[in-house]
Each structure stands twice: as structure tokens, then as C-alpha cells.
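Got a structure for you, written out below as C-alpha cells; questions coming shortly.
Labels run A, B and C following the written order; every chain starts at residue 1.
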């Protein structure tokens, strides 16, 4: 192995890290908000149908096709090219981010829904009989329990999104994977380059795993006594 | 019922059996032999080691030291592990035993009949027709012929335990071991299981029964063993153990139990 | 919106081509899933029954594949595979150029990715088999193999089915990434069609529908299998 090549490759791939992190964090934030919204919509019957079909569409198709549809597909509509959105939607960055947000929202809303469903009815009733308002019950009982319940699944989703950001390289964005891909066509030393990139992604995802294990332990101390038969 | 006859090989015996879980000595040197036709009840407080003793016989728990014999085979495992050769011998010994668990442990993915013919077919390699005929006879004995095609999950606890007994009988066992066979049952279902076990005793089957049902133990046993802290404290006929226990601990245990049951 | 007739099966339509691409998606997915199944079984077994080093290796594998983007793995197999094939080819004195089939690279790469997920599902399913039923098998004298075949595997399969269904869904979606190797499956074919006709939205939408059909149908199949395998459990009926 050629160490100087490896270290120079490592450095140039790291230049894509800010973009990767940017897309990752923003898509999680945007997706999380949208997921909450989707779950609130489920209160009404029409809202539930809309949320259900949204989740069905976005979870049933590959992210890659969603990215291409937004980046290439939307440009085909005249009214979009004329709208105020066009300055954004012609940029690969905004298209990529939008696709990631929409995709993440579908998966996160299902995770959140699972968490909400796991909240014991009795806990809510206990809140009601002790005179809490609906908002207080949501804020003090339902959401904390749901979030803690959903945490393990959500930490998987966080890592999935990190990996998902790599797909924006297909629409010319120079994130870590984009840089690696370009370097491969220049040097044809694919294995070394790809290993460099993989190591960086792996390091970040292992940090997330650690952090989420810590968060789980912090947020749900009672679960440690839970393994009684 | 056979009294201890010197020189006759017992159906099953343990000598010097010891077992510890970490720092906890559960069995501290147990000697016990069951001759053909013996019905031995093992009683004692929870934590006295009686279930562990029973589970050591088919090597579900591997003893730390001591010897377990079933018929002509015997095993003296060292250090809580079995070697490959010992594992093979343990399997042969299990083939001569029937074991009935507290929680039945029926195979949920097999019907009642399939549970009973599983080992005859896939362990002993008997023919399906023969195994099925015999299984039907066993199901009749436990009163469940009409449930032959039911799934275990659709049966009551008492019915499941009766199937488990039929499954144990299909082993053609030299001895049957019962590990608290009625402890997981609702009170109204206990009777049907005890009735089946009593019928087996009347047939002259060799049985070891770990139980909390003192009245039952007194009635069916040829011998009663009282275990305390991993040692045998009392060993005698029901009349001796229940009527005139020698140790204070046995007396205390028995009085509390009979108070509770009456 | 563009001309729907472009999706027809006539001489000017892309229908037949897209249909074939859909079959290719299915083919590469099935091949990859089976690769993953073999690998996943092996790894799950290593994690459950292996000694120290085997277990560490198996765990390392799942950690790495969980943390690295799928597309990098596919690139690695495609470009790396080409490097390997070229090195071997040159060493053996064959004239170049050398190439590795996108199908093989994709199948191996996605199989490797899916194997990590499948091993988790299988391990969980194994651990969910009630211990008592295993003891009941040992007590009647079953050996390891009989115990696995007659007691553990049938029960674990039932528990594993929903998880395996999810893994299969993931494989279908990941198969779209194989398009980067030039393999003409659904994703690749709709890109080509979109570029040729300049009807981007139409063709990507058509591609999305193809994936939806595959994912929905296979979801139904898995549900059916789950229902059948659940007979006997928890009074679920037949």
C-alpha cells in the first residue's frame, strides 16, 4: 500500500465532510419535523389516508429514483420553472436535500408511530384522572414515553441517513462519496480510495452508535430493571 | 414397590452429586437411588435444590462433580462440561428417561400427536405407523385422543401437561422425572394431571417427582426425600417423613405446608 | 406531462423494455437476497455458536456493513472486482481489456450488505426460541442436528419471517444502486429512456411504479407466508 497516496486521498475526501454533515443534519431535522406533522395528521381520517399513502410511496421506492425524480423530473414542468421555487430546484444541493428530507420523513414517521402506539393506555388515563390537560398529557407523558421507546429504531435511522447522503453524489454534488468517485475516474485506484471513504463513514456511524447507547441509558433508567422474567 | 435390595442395579442413581452456580452451592453431595417401581417424591423449600437435582439427571444441568447412572450407563462429568464422548452417552441415557417440565415445553409448531411421535420418529428411528399407533394409545391413557390434531397453544395448561406426559411415555422410559408438574397450573386444573400421574404410579412405573403437593406426595410415593440447602435431610417412607420427621427443619417445613394447604 | 403512449408496448413504446428491466431488478434482487441468506446464516451461526475470534469477526462484519454507505460497497465490488480480474487476467497472460459483470458485482455487493441485516434477524429469531422447547428436545435425546432441524429452525423461521420480509424490501430498493455499474435494470433503463425522450418525470414515475408493484406484491406474499407459518401459535387459527 502506498501511504502517501492514502493520506493525500484521505485529506481530499475529508473536504467533502462538511457537505455530508450538512445534508445529514438538515435532512434529519427537516425529516423529523415532517414526520411529527405526518403523525399529527393521522388524527383525522383524511389526514391518515394522506399520511399513509405518503409513507407507502416513499418507503416503497428507492431513494435514488426519488432524487432523480426531483432533480431531473420537476424541471420538466413549466410552472415549476416559472415559480419562485425554481432558483432552488435547479440546484442539485436543494434537490438532494429535499429528497433526503422527504425520504427520511417517511421512515421516521413510522418509527414515531410505533413509539406512540407503544405508550400504554393506562399511563394516559392516569394523566387524565389526575387532571392534566391534553397538551400536558402529550408533553409530559405521551411524547417522552414514545420517544424513548422509538430511540433504538431511530438511531438506526440516523445511521441510514448518513449512508443515504452518499447518493447525492449521483447528481454531481461533491460530498465525500462524490469526491471519491471523481478520484477513482482520475486515478483508477478504486480500492484504496473507497477504503479511505469507508473508514470515515464508519467512524462517524460508530460514534452515533455509541452516543445513542449512552442516550438510551440516560433517558430510560427504568429499562435496566426490565429484564425480569 | 421394591425396597432397597443390595446387589440389584438401580434404575437410576446419583452419588456424591455437587453443583454450584457461581458462589452458590446448590447441591452439596446428594446420594439417591431409585429401583424399578419406586415412586420417590422430592420435597423441600424453593431454593433447596430439588429442581436442580432433577435437571442434573439428564444433564440439562451439568453437575460439578459426582456420578449419575441410568440403567447400565453412567457419567461423572468434571468441571461442569461434557466431552463429545460424554455428550453421546448423555444422549443414550436421556433415551431411557422421560422428563416432564413445569412449563410443559411442548413444541408449539407441532400438533399434539406430532409432539408425541417426534422423538420416536426422529431420534429412535421407528416407523411412523408404529409410532402413531403407540402415540394414540398413550393419548388415550391421558384422555386426549380427541385433541390429536390440536395445536398446543389451543389447549389448557392441564391438557398441555397431559400431552407432555404422553410425550415422556413415548420414550419407553425406565424412569420418569417430573419437575413440579402442577406448579404452573391453575388450581382447578391440578387434579386432572395428578390423576394421570397417580395412574402411572399404580402401573408400577419408576418415577421421581419434585412437587409441592404434599397430600399427593404422601399418597402416591413409596419414598419421600426432603431436601434442604442442597443436602438430603430426610429420606424414608411417607409415614416416616410426614408422620415423624427427624429434623427440626423438616418439621417446620411440613407444618407450614400443611397449614397452608388445609 | 408527457405522452403516456411512450409507456405502451407498441413499436414506439418503452413498455416491453421497461418490463424486461423490471424482471432484471427482480433477478438481481433474488440473487443478492440468496447470497445474503447464505452469508447471514453463516454469520448468525458464528455469533451464536462461534468461539472468540469467530464471534469477533462476525460482529466486525455487521458493524462495518452497518456503517458504510451501500453505494461505496457496490463501487468497491465493481471497480475493485475489475482491478482483481484485471490483475489475474494480466498475470495469466490474457489480453485486456477486462471487465466484471454488473450483475455479479451487484449481486455480491448487495448480498454482502443484506447478509449483515439478515444475520441480525436470524440471530434474534434464534434467541426468541423458547429455551424450554430446546430442553424438551435434548431430554428426548435429540442430537445437535436433529434439534436444529426439528425444533429450532421451524420455530425461528416463524419469528424471522417479518424481519426477513423487511430485508427483502431493502434489497429491492438497494438493487437500484446497481444501475451505477451499467447493469440495465429498472433504474438504469428509466434513466436511459428519460434521457432519450427528455420525458424525465414520466419515466422516473414509471420506474417508481415498477418498484412499488414489486415491493407491494412481495409484501403480500410475505404476509401470506407469515399467516401460514403462524398456525398453531397464540390461537391465530389456521
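By our rule, contacts are C-beta pairs under 8 Å (C-beta built on N, C-alpha and C of every residue); 3 or more make two chains touch, one makes a residue touch a chain.
From a predicted model like this one, the values you see are computed outputs, not experimental measurements.
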Chain contact topology (line, ring, star, complete or other): line
Could you compare the number of C-beta pairs in contact for B-C with that for A-C and name the larger? A-C
Identity of the chain that, by mean CA position, is farthest from chain B: A
Most central chain, judged by mean C-alpha position against the global CA mean: C
Could you tell me the distance, in whole angstrom, between the mean C-alpha positions of chain A and chain B? 56
Computed distance of Cα centres, chain C from chain B, in Å: 47
The distance between the C-alpha centres of chain A and chain C, rounded to whole Å, is 22
Report the residues of chain C in contact with chain B in the complex, numbered from low to high. 130, 132-133, 135-143, 146, 150-151, 154-155, 158, 231-235
Under the touch definition given earlier, write down the residues of chain B that touch chain C in their complex. 58, 60, 91-92, 94-95, 97, 99, 101, 103-111, 118-119, 122-124, 151-154, 164, 167, 171
Residue positions on chain A within touch of chain C in the complex are 56-57, 60-66, 68-69, 72-77, 159, 162-167, 169-170, 177, 180-181, 184, 188, 190-191, 194-195, 197-198, 201-202, 204-206, 209
Contact set on chain C toward chain A in their complex: 1-2, 63-64, 66-72, 75-76, 79-80, 82-83, 172-177, 179-180, 187, 190-191, 194, 198-202, 204-205, 207-208, 211-212, 215-216
